[in-house]
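In the two complexes below, chain A is the common chain; its partner is chain B in one and chain C in the other.
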Partner chain A sequence: MTALAPPPARSAAPAPAPERGARARLGRLFQHGGWFVAPFLVFYGLFLLWPLVSGLWYSLNETNLAGINTEFIGLGNYREALGDDQLWDSLGNTLKFTAMITPLIVVVAFFLALLAHSIKRGKWFWRLAFFAPFLLPSAVLADLWRWLYEPDFGLINNAIDRRVPWLLEGDWAMFSMVLATLWWTVGFSFLLYLAALQSIPGHLYEAAALDGAGPWRRMRHITVPMVRNITGLIVVLQILASLQVFDQIFLINEGGPNNETRPVVQYIIQQGFTGYRIGYASALSYIVFVLIVAVTLARLWLVRNRSEGNAV
Partner chain B sequence: MSERSFAVKARRNAGQIVLTAIGALLAALWLVPFGWALSTSFKPEGDTQLLPLKWIQSNMNLDAYRSVLGTGDIPKWLVNSVIVSTGVTALTLAVSALAAYGFARTDFRYRKALFGLTLAGIMVPGTVITAPLFANVRTMGLVDTYWGVILPQVSAPAMVFILYKFFQGVPRELEEAARIDGAGRWRVFLGIVLPLSRPVLAAVGIFTFIGSWNNFMWPYLVTTDPDLATLPVGLATVQSSFGIRWAQLMAGALLAALPLLIVFVFFQRQIVRGVAHTGIAGQ
Partner chain C sequence: MTHVSLRSLPPPEPSRRGLLRGAAGLGAAAALGSTAACGSAASLADGGNRIQFWNLFSGGDGAHMRALLDRFRTEFPAIQVEDTTLAWGDRYYTKLAMAGAGGRAPDVGVLHLGRLAGFAPGRLLDPIDTGLLAAEGVRRGDFNPALWDRATIGGELYGLPLDIHPSTLFYNRAACEPAGLLGPDGRLARIEGTGQFLDALDAVREVIGRSPLGWNALMPGECWWTFVGLYAQTGGTILTEDGTGIALDDDRAEEVLAFMARLVADEYAIPGQDLVGYFVNGGGFVLFGNWLVVDFANAGIDFGAQPYPTLFGTPATQAEAHILVLPHQEGRGGGANEAAHRLIAWLVRNSLAWAEASHVPAYLPVLDDPAYLAMEPQSEYRGAMDIAAFDPPAWFCGTSSRVQNEVGVHLSAAAMGSLTPGEGVRAIRSTLRDLLDTRDPFGEGTAS
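The block that comes next holds the complex of A and B.
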């Protein structure tokens, strides 16, 4: 704060005779700028905090969509979840998907960005080509890839002259989802890498070239370390997004065949909206939530350890 | 020019040619799905499943587009998508910019606590609150209304954070000078801070728009009335009734993809900058 800054709210508040009542208290709370924040807080409270808290409450109840016939059953839903094979199967599918897509996205996005960064001509074209799929609605993505994967008349099988059962057998189906998702979403990480590459100072490369470092060594000792923060960010964003994967798998194949690609979010939606068991669905949501918080905290912990390591 | 620098230059050119060739190959591969959809959409419905597959044939026509547009569904969903996405974007921009300014540049009681609460919200995944959110929205009587689709998409703590970071960088001297001249907080905010923030507002707006335009799950859950369907929801639900009419499906898919592709071409620079900004702000 500089000397010119207005006096802080706290000292200004009691200047006139103190008002009384809830309205006055509200007025004081939002004096000097609180009104700026108030509209957001209304939305935030209604559509984020309230569902978060009421979800926790629902998860302790056996209830249905309308919120009637509610019965408090404590941890019953969580106990049921522990023995629910469908939950563990769908969670397993989600983790399998996450484990497959994350390294692929990192490697492909980095390679594409390096390429687009190094080619001097037509930069807008490379950006457009690799980013455009990211702009498609999931329903469009689903249509395109179901058509490409069509066993008899699909472009892919005819191009490779094989009859690969892309969406018809479990392991192939999961791989198909990963491939379509890679095509669809890699553009976002590609742009992050592109921005990171552009921010590496050119003199580092010039100095390395003077020292006789070849392209491979420049890549290993300058480029990769310089984008390490972005790599870490992409890995975490990708894991968080993948743990919530739903749209494309549901729309391409409805989690089939035989639920072998069904992600945990689809199972939650099915329990809540088809099965009308909103209490159970909320309990499942909280289990996923805990997983996601664990990933986020693990990242914070890793980042802190790394920066401490650097400081020493 | 010495011989040596000439050799370096030649090698550099050769390198550029190789890189461009690899780039062209990958870009072609990346664009194949679009091209194949385009090709299919121009084929007569009876010809989409002829072997061997052909990219171009003599009897291509616009029938698929005519029948897709003729039902009137796609134009209707397009209008719904425009209403919803514009509403979400306008409200999100207004609400987030106000809040970010409040957090960055004003002082009021509980400011720090409320800002901490807002940041914590970034961690909450949308899917976790979907079921209870639906129950709550239903209690409010908003199911099957535009408001029910729009309002729950407005609370975006991450956008508040991005704008907060930007507002912090606006020089305080500018604001103070205006305040000495007698301008109130609102005048300072509307007349000085917002105009300076156009690039970041554009980035936040474009991202909100893309996100809302492509959002499938929430509109899908909260509307049952087909007249309220947004494009993604309408397309997804109509697939079954189109059966396996691939030409129409591809024509519909391309029409649905077109608006955002146009937006991208126009706002390319802001989008790229926006991604970079968002990513770095997220660290």
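The block that comes next holds the complex of A and C.
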């Protein structure tokens, strides 16, 4: 806030007695261009802060979307959630999905970026090919992969001439979701890696080559450390995104078989919209929200510790 | 089927996260605000020649409904009908409920009969004026009494039945004829009992050299429909008549589950198949709702469609019904209300065109119309009306409901073989118990 205080030298009139409190701060803000950010603040408040607060309020009530029969029950929804096996199962599925896809994305994206970076001819083609799936809507992705995974006349099973139960058994189904999602979303991380690779100064490699470092050592001691920050970013973005996974799983398999791929977001939607229990669904959302915030804070903490460690 | 499509993967911009959280309930308030804005305050204000009609027909039946409405407009130019098609499923029901709770609902809506019990008649829905209906030439005697009575709650009619849509056995003539299963009229000969049915499947398998039945045991909703139909054939009901207790006969339920599991275990039906793809590619039979008629006909297949064969003694086939409802409005009445009654009565009387969209008209005079009797394969399953098995009359039942999700999952697990039939029945029981113990969200109460 101090940065916003008017520099004393510029005030022509004798400095008024400093006003205290939020009102004064708000007044100062608007002296200094606050009007320009006002539209943003209005939208931010209306579409983010207000729903956030009202969601918290709903979570303390037994209520439905129609807003009738509402009853304040305090932490009752949260207590119920603690004993709700279906919540923990679906949360477990979400974590399993996250744990499976995050390392895969990092490795595959890095590998693809290296490939596209080092290839000499037709660079544009490889970049486009690796990134293009990311542009598909989830409904298209789901349709595509449902046909690929078809048990009887699907493309994959036909090609390998076996009946692999892609979507029919729990572990296979989760793997299938990860595979489809990997294909769909790896392009984004690929792009980040590609940009990072392009920003590594060429003279580092030259110097290393002059010192006799082979390709493997150059990779290990130059490329990997130079893209470390991007790797950290990709990991955290991927974890955050995977904790909210929903649409492709819902569209391909509705969370089946036997709810073994049902992510927590789907369970929240089922409680809120199929079961009409918006209060309980809000409580579940808040539990997931806290989890996501915790991951973000943990990441911040890790980064800070690491940079402090480097400084020493 | 239309599904919510919220893209959830990178890049995780704040707006996208916000969107997801919104869907998850945190943004419920924003949703409430926006839906209230869709209410029909305007239609109430301008004296009654303008009515809003919300429906959920987005597939092949949607085009037929729009054509019907166009005919209505031509016939009654003084009445202005604004129709809005919303995505089928949870989204539709929550929007309609919110609009009704706010008292600013559309003048006419569509509901599934199975959802009526959970839709707070008298609170979210206004009763239909049977006097006004009679003036338009539509009376109780024109309907199957079971259907009309199910839509009557506390002596008031809350939904005018438009159709029923039964679970159907589709058969491909190209596969069934060489298997010797067709009668001289080219229709599937009568099949009775599980033994005969499996024999027929074996014969078709012989002809087409692959799994003879399209039935998706992986999907909880489809398993629920099949179970409702086949269990009704054992003569029992799942819940008590008032929908407050469990009436399941464990032995019969186990027998039905064992049969469903056998269809998968012996590879009569491969789970996870796309049913249209299966049938178009030369499949033998398909078990699914009648509305696939439109897809199959468009694909140019020579096929027929019958109600479920009687496998467990009593003829029965699972069915749902579309009913026309009057969502709750503050001070409903006047010209708009009369126009709404005229519209719903007219739609029912003219549901011959609706039958073309594959559904079985609920209005009996249309059922006897020679033009309907000539429709193929629609007329072949017209008898489904008399043997229709509906969802139990509880708030958590009906299309896209909790019972489909939660009991359906156990049915699917049993069919897929990950639960034994006995375990499956115990899981159904305990889930039904939980659902019965959960408070009805829209519960007791009178119009606000």
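Here are a few things to note about the model shown:
Simple rule for what comes next: the second predicted complex is superposed on the first by the 280 of 312 C-alpha atoms of A that agree within 3 Å, B and C clash if a C-alpha of one lies under 4 Å from a C-alpha of the other, contacts with A are read in each partner's own complex, and residues count from 1 in each chain.
Just so it is clear, a contact is a pair of C-beta atoms (placed from the backbone, for glycine too) under 8 Å apart; a residue touches a chain by one contact, two chains touch by 3 or more.
Note that the structure is predicted; figures quoted are calculated from it, not measured.
In the superposed pair of complexes, A:259 makes contact with chain C only, with no contact to chain B.
By the document's definition of touching, of the two partners only chain C reaches A:168; chain B does not. A count of residues in chain A touched by chain B and by chain C gives the higher number to B.
Using the contact criterion defined above for the overlaid structures, shared-chain residue A:33 touches chain B, although it does not reach chain C. In the superposition on chain A, contact of A:131 is made with chain B only, not with chain C.
In the superposition on chain A, contact of A:145 is made with chain B only, not with chain C. In the superposed model, A:51 lies in contact with both chain B and chain C.
With both structures placed on the common chain, the touch criterion links A:103 to neither chain B nor chain C.
When the two structures are aligned on the shared chain, A:225 is found in touch with neither chain B nor chain C. Applying the stated contact rule after C-alpha superposition, one finds that A:116 touches chain B and leaves chain C untouched.
Residue overlap on chain A between the chain B contacts of one complex and the chain C contacts of the other covers 46-48, 50-52, 54-55, 58, 65-67, 137-139, 147, 152-153, 188, 237, 240, 244, 246-247, 251, 265, 268-269, 272-273, 278, 281-282, 285-286, 288-289. Residues of chain A that touch chain C in their complex: 46-48, 50-52, 54-55, 58, 62, 64-69, 137-139, 146-147, 149-153, 166-168, 181, 184-185, 188-189, 237-238, 240-242, 244-248, 250-251, 253-254, 256-259, 265, 268-270, 272-278, 281-282, 284-286, 288-289. Listing the residues of chain C that touch chain A in their complex gives 3-12, 14, 17-18, 20-32, 90-91, 94, 97-98, 100-101, 118, 120, 123-124, 210-211, 218-220, 270-274, 277-278, 281, 396, 400-402, 405, 409, 412-413, 416, 418, 438-439, 441-443, 445, 448.
By the touch criterion stated above, chain B contacts chain A in their complex at residues 16, 19-20, 22-23, 26-27, 30-34, 36-37, 40, 48-49, 51-53, 94-96, 98-99, 101-103, 105-111, 114, 117-118, 121, 123-136, 138-139, 151-152, 154-155, 157, 160, 172, 176, 179-180, 185, 189, 210, 213-214, 216-217, 221, 231-233, 235-236, 239, 246, 249-250, 252-254, 256-257, 260-261, 263-265, 268, 271-272, 275-276, 279-280, 282-283. The touching residues of chain A, when paired with chain B in their complex, are 2, 4-6, 8-10, 13, 28-37, 39-41, 43-44, 46-52, 54-55, 58, 65-67, 112, 115-116, 118-121, 124-133, 135-140, 142-145, 147-148, 152-153, 155, 158, 183, 188, 191-192, 194-195, 229-230, 233, 237, 240, 243-244, 246-247, 251, 265, 268-269, 272-273, 278, 281-282, 285-286, 288-289, 292-293, 296.
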